[in-house]
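Per-chain residue numbering starts at 1, and chain names A, B and C are given in the order in which the chains are listed.
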Amino acid sequence: MTDFSDAFGAALGLVLGFDADLAEIVGLSLRVSFLAVAIATAVGLPVGAAIALYRFPGRAALLVAMNALMGLPPVVVGLIVYLTLSRAGPLGVFGLLFTPAAMIFAQMLLVTPIIAALTRQVIEDLWVEYEEQLRSLGAGPGRAVPALLWDGRYSLLTAVLAGFGRASAEVGAVMIVGGNIDHVTRVMTTAIALEVSKGDLALALGLGIVLMALSLGVNGAAFALKEAAERRLG
Amino acid sequence: MILPLTIQDVSFEIGGIRLIKDLNCTLEAGPRTMILGANGAGKSLFLRLCHGLIRPTTGRVLWQGAKGRDPADAQAMVFQRPVMLRRSVAANVDYALKLRGMAAAERRAAVEDALGHTGLRRLADNPARVLSVGEQQKLALARAWALQPEVLFLDEPTASLDPAATHAVEQIINAIDAAGTRIVMTTHDLGQARRRGDEVMFLNRGRLLEKTPAERFFSEPENDLAQAFLKGELLWWQRGRDNLKRKPPKQRRQ
Amino acid sequence: MKRLMTGMAMVLGALVYAAHGAGPAAAETFITVASTTSTQNSGLYDYILPRFTTKTGITVRVIAVGTGQAVRLAKNGDADVLFVHHKASEEKFVADGFGIRRFDVMVNDFVLLGPESDPAVVGGEEDIAEALSKIAGAKAAFASRGDDSGTHKKELSLWKASGADPKAASGSWYRETGAGMGATLNTASAMNAYVLTDRATWLKFSNKGALKILVEGDKRLFNHYGIILVNPKRHPHVKVKEAQAFIDWVLGAEGQAAIGAYRIEGRQAFFPNAGR
């Protein structure tokens, strides 16, 4: 029990003390996860919509695979990205290993299936409701995609937040491809792992509390945004 | 003018079951057509076949006057339950016009116009989906009207509405008709058909049994099933046979 | 649909571009050193590296992983310098042509920890092999790294010297965590098990629980550190000049003094021995 109270104390101390290292780590965590989710959204939305609206051979298999990829183990993704970006690997010449770019890339791989799979479901359900009317107005599946994405925006926002949750919470991928280098690739989750390995459990838990507070903040902001938009546009 | 519309030997089959059988008719420009029939008669299917939302299994749907133009551009359809996008009333109409390639300035005027004609101007910036069903249906009509279609298909547009809303919607349909659009409408409401129709098409179990001017249909329908329908009888006892001349069974006297 | 795709592609491009710049300025000179978690967690790097950077302006980025993984990284060319503590692996690394030459840097020692209750009665024992043999005999709980690290390899060599075969008992009294030193210490502390650890990590560890140092000082418990430059012939991109500057500094008077000056809880943790 003392660990828990120590943890709250540690968390409060870090935050109120405006610990510079903590600020740096938080900043990097947010940057990496936001960018990863943004890229994953840019890829996942159209892919999910396309699979929802078009029929093609192998569609069922692709759908199942995409859903399964939502459960990709982060450490496996980290390993694969490491092997790809390593100097001994195919993309080694770019020297991207142990940089934030590698971390963004790995997290993007983790998050894209989530956004694509959820988008597919949302768009498919919407199309069932809208298909006849939209076709009547002259919009076949291709032309309807922007309207469908916009109409499904609240559900899709939840999908994006799910992706962000996954990205900001994972440690396996960023540890391997980032290397947890101080001031360079250390993020919240790898910092927590480090403190655990040093036996400083209270500090680790404190960092964990800060991380969860961050996540709460992001989700709270998204919710407020959604409420305001709904009031205006319905 | 894309009319007249000729339906030639059209059948529609799903899963081995024929839902529309050997339908032949021609819709000329001018009269308001009411399509009547029991539930499951194929009225809605027929409408969708005409509008091009589904393809016939056999036969052809020919817009004689299309001459190289895409006939879909001159048509619009309103469904029993209005389908609105999650945006404002005005934006819904605007979307339809954008799809047709209208320029922004033109669209603004057209949207204003359509909303004005349907009494929705004061709701222009409200979210469309919080409107009542009646208002949403008026919006659907506004949207269709803004497209200035030559033919407007309506699938039981007032079936979900209360009498006041029904009246309002019928007024709008009248206005659209007066502006020159050919109306083709299915309905359950015999009174409505009598009130608003110029000609009647009677469908039963996928077949067109009668197509006559409205007055004649309501006073002296030729087809015995039509007669039974007008009397309000359920047409279930014809199961298994499409014979047009069978008489109803003798009523038991108690 | 096409316009949406084009739009998305442009957004994608912009994001990837932004992502690439999301790290520290590219202008910073740095080298990458593959080392071990135990060295990192001891705090040594936090003490000596700033001195090097102030002197030369070169930043040292340490990737702290298990010895096996560190060697792998260096073999793949993902690091410029290898700085670990398992002589056999290091010599093989050089022999296979992945490194130029191995140099002694410093020594620290391992200690055997155990619960206060000391069920196998090894406290004060001077012979480590004897102590391990007693633990095996008593079937007392023992937590092992089990992760092919320098510490793990040292542990296995000591078991060999003791004549006992703990692998056969893996899962019963011999618990292989497959994890780093910190995690293994956490586990040992929670299980009240015996565990072999380097002194520096133990001094710095915050979750000591009921564990104490029971056996220390045996010569076989000494832990030798070696530093190796990754062979540029194998990996042309290696930053030879800067990496060599680091190695020279570590082996030189300043680096060696810094290593010797580092204290944990008032005690010297590492003993410099370059050139000896």
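Assume a contact is a pair of C-beta atoms (placed from the backbone, for glycine too) under 8 Å apart; a residue touches a chain by one contact, two chains touch by 3 or more.
This one's a predicted model, so the numbers in the text were calculated from it and none came from an experiment.
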| query | Drawing the touching chains as a network, do you get a line, a ring, a star, a complete graph or other? | reply | line
| query | Could you name the chain whose CA centroid falls nearest to the centroid of all protein CA atoms? | reply | A
| field | Between A-B and A-C, the pair joined by more C-beta contacts | value | A-C
| Distance between the centres, which are taken as Cα means, of chain C and chain B, whole angstrom | 79
| Taking each chain's centre as its mean C-alpha position, how far apart are chain A and chain C in Å? | 32
| query | Centre to centre, by mean C-alpha position, how many angstrom separate chain A and chain B? | reply | 48
| task | Name the residues of chain A that each touch 2 or more other chains. | result | 143
| remark: Residue set of chain A touching chain B in the complex reads 129-130, 132-133, 135-139, 143, 147, 150-151, 153, 233-234
| task | In the complex, go through chain A and note every residue touching chain C. | result | 28, 31-32, 35, 38-39, 42-43, 45-46, 50, 86-89, 92, 95, 97-101, 104-105, 141-143, 145-146, 149, 179-185, 194, 196-202
| remark: chain A partner, complex, touching residues on chain C are 1-5, 8, 11-12, 15-16, 18-20, 22-24, 32, 37, 41, 61-65, 75-78, 180-183, 185-186, 189, 204-208, 235, 237
| query | Can you list the chain B residues touching chain A in their complex? | reply | 48, 51, 53, 72-73, 75-77, 79, 83, 85-88, 95-96, 99-100, 126-130, 143, 147
